[in-house]
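Shared chain: subunit A. Partners: subunit B in the first complex, subunit C in the second.
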Partner chain A sequence: MREFPEDDIAPLATGAWVLGTGGGGSPYHGFLNLRKLYRQGHRVNVIGAEELDDDAMVAVVSNMGAPVVGLERIADPATQVGAIRMMERFLGRRFDAIMALEIGGGNALQPFTAAALMDLPVIDADSMGRAFPEAQMTSFSVGKLQMFPLTLQDIRDNAVIVERAASWKWMERLSRKACVEVGSIAATCKAPRSGAEVKTWGIRGTVAKAVRIGRAIAAARAAHEDPVAAVVEQENGLLMFTGRVWDVERNTTEGFLRGRVELEGLQGDKGRRLSVDFQNEYTLATCDGTPLVSVPDLICLLDSVSGEAIGTEMLRYGQRVSLIALPAPPVFTSPDGLACVGPRCFGHDMDFISVFA
Partner chain B sequence: MKKIGLDVGGTNTDAVLIEENRVIAAVKTPTTTDVTSGVLNAIVALRKKAPLDGIDALMLGTTHFTNAVIERRGLSRVGALRICLPSCASLTPGEDWPDDLREAIDPMCFLIEGGHEYDGRPIVDLDVAAIEVAAREMRTAGITAAGITSVFSPLNNAFERQARDILGRVAPEIAVTCSFELGRIGLLERENVALLNAALSRHGKDTVEAFEEALARSGLDAPLYLTQNDGTVMKAGRAARYPVFCFASGPTNSMRGAASLSGIDNAIVVDVGGTTSDVGHLLNGFPREANNVVEIGGVRTLFQMPDLISIGIGGGTVVAPDGSRIGPKSVGYRLPEEALVFGGETLTLTDIAARAGTIALGDVSRTTALGTELVDSVRREVGRRIEETVDRMKTSPDPVTVIAVGGGAFLVPESMSGVSMVVHVENGDVANAVGAASAMVSGEVDQIVTGMTRQEALEHCEALARRRAVESGADPATLRVVEREDIPVSYLPGDARRVRVRAIGSISVQRADSDPVV
Partner chain C sequence: MREFPEDDIAPLATGAWVLGTGGGGSPYHGFLNLRKLYRQGHRVNVIGAEELDDDAMVAVVSNMGAPVVGLERIADPATQVGAIRMMERFLGRRFDAIMALEIGGGNALQPFTAAALMDLPVIDADSMGRAFPEAQMTSFSVGKLQMFPLTLQDIRDNAVIVERAASWKWMERLSRKACVEVGSIAATCKAPRSGAEVKTWGIRGTVAKAVRIGRAIAAARAAHEDPVAAVVEQENGLLMFTGRVWDVERNTTEGFLRGRVELEGLQGDKGRRLSVDFQNEYTLATCDGTPLVSVPDLICLLDSVSGEAIGTEMLRYGQRVSLIALPAPPVFTSPDGLACVGPRCFGHDMDFISVFA
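For the complex of A and B:
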């Protein structure tokens, strides 16, 4: 167990935003909330998954909803605490630790701000290794672990418990409906996990990974070097495209932000056009109709100059962007993994071929 | 068409007389602490060079408001009314500001129940009584300016307008800024812009009145416009209410002026002033816009701003006697007293340039003690810093053209790696004022469209924006769309989407008598 240093709050937020692959919401508000809590004297400890007892009980938390809503309705750590306490009351048992459902985007900070208020450790692991739009798209789902119960707390006095669900898909459908009803954003506490389950199925070291990416970007900026190249080098990624945003089309359906961004090439990619589909997160990049990179490989769109990630809700005409790919966590490239998060799960009729194959 | 362009900078006030896009006369005068006399001096100096009859418009760019924020002066205490509860309770207004700015603005914060959902429903009912209480408390505290922000006000501004009405009734002396008029989606950033605008409202009013007084005393009978961040103009009265729209007008004007003077529309512009150099990218005659968030005085904002890098290199930059340190200190407006060539005791980059023979001014004999080696090494280092900044601004490794403007343009080296040529232009030292005089007019649409496909909605709004620009005095032949944004609004019938489009064009010569209102 080690105390999470205040100096790592900003790198965690920067790195988590990159791992958000366009979704998960900007971690900026989570960063401000955590910094405020640290300034008030709260501290958070981080532990490795291996430090958990097998029968420890772990809260898996996330703020569910459309990222664009989070830009306006700022997440309040107290709402997340409400969802966790609700689960404890329902189970009649206290949690031993908290972990993130997804390390990508604002949800990377969600367990930290709740942990700061509850004096529980945060586990250096998550269940996506990035951000995905739907709750069944997790390593726990690949492992076919139990998907219920779930608690959902909104900012008003609405509290929902989904006691049972017939499948991960059903859990997603039921909780999504409730989430949309309360304004397309809500704090959730997902199906609790035992220490043994986290050790077997959790994607480990992702908090450290986010911090590492954030530090690499900060160091490159300070040295006036290319932060995009720094991330690619640090994480064995690939630079796929450099260009600018030409057009963005967005639609909101069923609580998701769906659409497509068209990019026009610059520098070495001059004359090329790229289009990137998204469902909260970037799911598929195609060039002249040919798939270039798809989920579950990570598709990250970064500001070409600052290296800052650009969320699907922040895309604007004229932005200078670099598209990079990072390798998917191995759990998702297995047949069971691809059944959960492969291209077909996002409406793309194609087999997954990793750009890293 | 005859126009006067004015640029009121921190050090100098420049003025130009432009006729049919040709510079007839140009002057550079010192900026004074008293705004009125500084502007008046500039106009008087300009009149000595050319007759100023039949002026169609006076267009003024100013760094006053940005400097006020950066230097934390002239800012009023504000009331910060955020309509958000029960959401957003953990972070209060000003949470992400630098401490000294928060102390300067000292926001009196009120979080109120209300706000809207993404789909247009109210989160909860607006707490009208709480706003009345807030208005009375602000009044008691002697607050004269307030910023109102409501959750999702860019989609539904009803609560902000309602709150403004309540404040107007209970505390009519309070100048109110509503966030929906200024910013985009992004509550904290939009709130920051609204609060900065509110904090500047008294200063804005005083400054614009001083400009108007100078104009009246000069005897000129022409409408006064202030230039905005995007290279368009607004009437002075509107500028007094929205000083934030003038924040980056200085760099925008210098880039537009560089384009106008050189006839080059695509280049990197290096504008060297007394204290800093601003480097920006000119694309099709306009500054490239910054991606997303732009910090002003350490505060995150989200609205239309040019993409810029500023470095501490200027004519007044102080050089250590042994050349070991260059800047960031500057003698600024005291250059005419403190530089060696002007009889002062401080070694500046102006002295280095005079010694090297790149400029002829002052008494060069006062720099003879400077060794050739020192002069060369300082010039190399200055050149290296400018070259590096140009390179950071580039979007491709291809060689670019650099246009060097501003009073310190002589500091820009004639050759740099990755640069095909460095262009110096006549009157480049008053490029800001030239840019102000060539500012454009715009037409804007911001509305919710239903019953159309996305393509139809965009086309419909583009046509409307173009028509509005022409109605405001733009020449139809020069019209172009500079902003196009659409956000789908779910749960409303008919594929509803909010569309924002902005078209801009040059002031039409034929419509010189018209009234370009932005």
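For the complex of A and C:
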């Protein structure tokens, strides 16, 4: 167990943003909330999954919703605490630790602000290694672990428990409808996990990874070096394309942000054009109809100058962007993993071929 | 406490159908289910609200959904038992009795089939005295009683608990969305009520009333007399219009059946035309733009020959119908009652004037 340093809050937010834009809104909201809590004297301890007792009970948390809403409305950490306490009441047992459902986007910070208020440790792990838009797209789902119960709390004191769901997809459908109804944003506490389950199926070290990426970007900026290259080097990624946004098609429907961005090449990519499809997260980049990189490999669009990630809801005409690919967690490239998060899960009729193969 | 006679099952279904078409589907499904349970040896006892201990705990049940779906799919009583057991697990306490949310439509039978399987008595009372389409349109809501928790169970083993809701309207919105998502039909167990609450706010004697109406119709048919007149006389109602359906406009949206039926007069009403608006239930009858009768007075369309009620989802061109009005339970004609179920709650911008005033 180690105390999470205040100086790592900003890098965690920057790195989480690179790893996904997620349903949890901007990690900078979490950054503001967590910094405020630190300044009020709260502290958060981080522990490795290996430090958990096998029968420890872990809260898996996330702010669920449409990215646009998450960006516009700063989350109140009390809402997340409410969802966790509701689960504790329902189970009749207290949690021993909290972890993020997804390390990508604002949800990376979500366990931290709750943990600060509840005096519980945060686990250096998540269940996506990035962000994915749907509840069943997790390593726990790949492991076929039980997906219920789930608790959901909004800012108005609406509180819903999904006691059982017939499948992961049904859990997604039921919780998504409740979430959309309360304004496309709600704090959720997913099915509780034992320490043993987190050790077997959690994706480990992802808090440290996000901090590492955030620090690399900050260091490159400070040294007037290329932050995009710094991320690629740091995480063994690949720079796939450098260009400019020339068109964006975007719809917020059913609690998701869906659409496509068109890029035209600059520098070495001059003359090439790239299309990138998204459902909250970037899911497939194609060049002249040929797939270039797809889920579960991680597709990140970074501002070519600042290295700042550009979420699907922040795309605008004229932005200069670099598209990089980062390797998928191995759990997702297995047949069971691809059945959960492969290209077909996002409507792309193609097999997954990793750019890292 | 008295045993509900097998011979009263059919009159209960016929009478419940007159009192409302409800969200619970056809009462004849419940009739078939209950008759089967009786033939298997199950029996149901009925008790008056006054027989309840003040601290007894009462399950208020209903099949929630769109009428069309309720008509097409016969309900499995096990689903309703599931919702009641879920509430018992959640509260950590067993129920002492079961009552119907609404005596109108299939939901009149819903507590009976569950009670037969659970060996609990059914209370001769409900919270609508008829059927209303929305969860907050109850005498308990007029009494400003707590509206949560609620449990909801579908046929696939999806199980949702609304632990808290910010208002009655929020309870309706959250439970309706879950209901629509699982196919616009689900068994629900509403907020549990104490014996004291049922005695103060329950609408008493409505099971007996439905049986009485059903028996009157059967007796008139057997004697080749006018069953419509028999209902009107039995319940101090008013025959408002006799005519024929010449147009129906109908949409199933958001879990409701909304629309309007146009009638042209026959016999004494020849030359008159009547419009009747509905949202699952008939809400307002107008003649040449002038309101004739509106909620909370009960508007029933009966087949002019058989006296059988015609639900909003069964209207067809050419049907010969009699429109009768029955008095509203007094709890709904108070200012608090009209705020819950008055014409404005159904989108009609007018004050309520009872045809029985």
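The rule is simple: the second predicted complex is superposed on the first by the 353 of 357 C-alpha atoms of A that agree within 3 Å, B and C clash if a C-alpha of one lies under 4 Å from a C-alpha of the other, contacts with A are read in each partner's own complex, and residues count from 1 in each chain.
Here is the rule we go by: a contact is a pair of C-beta atoms (placed from the backbone, for glycine too) under 8 Å apart; a residue touches a chain by one contact, two chains touch by 3 or more.
Quantities reported herein were computed from a predicted structural model and do not represent experimental measurements.
Of the two partner chains, both subunit B and subunit C are touched by A:156.
In the superposed model, A:166 makes contact with subunit C only, not with subunit B. Look at A:10: by the touch rule set out above, it reaches neither subunit B nor subunit C.
When the shared chain is aligned, no partner comes close enough to touch A:229: not subunit B, not subunit C.
After overlaying the two complexes on the shared chain, residue contacts for A:310 are found with subunit B alone; subunit C is out of touch.
By the touch criterion defined above, A:77 lies against subunit B but remains apart from subunit C after alignment on the C-alpha atoms of chain A. Looking at the shared chain after the overlay, A:219 reaches neither subunit B nor subunit C.
Set against each other, subunit B and subunit C touch different numbers of residues in subunit A, with B touching more. By the touch criterion defined above, A:32 reaches subunit B but does not reach subunit C.
When both complexes are aligned on chain A by C-alpha atoms, subunit A residues 156 touch subunit B in the first and subunit C in the second. Only residues 28-29, 32-33, 36, 66, 68-69, 71-78, 155-156, 183-184, 224, 244, 249-253, 266-267, 270, 303-306, 308, 310, 313-314, 316-320 of subunit A touch subunit B when the two sit together in their complex. Against subunit A, in their complex, subunit C makes its touches with residues 86, 90, 151, 156-166, 170, 173-174, 177-178, 180-182.
By the touch criterion given at the top, residues 84, 86-91, 95-96, 115, 117-119, 121, 123-124, 151-152, 185-188, 288-289, 291-292, 388, 392, 395-397, 454, 483-488, 490 of subunit B touch subunit A in their complex.
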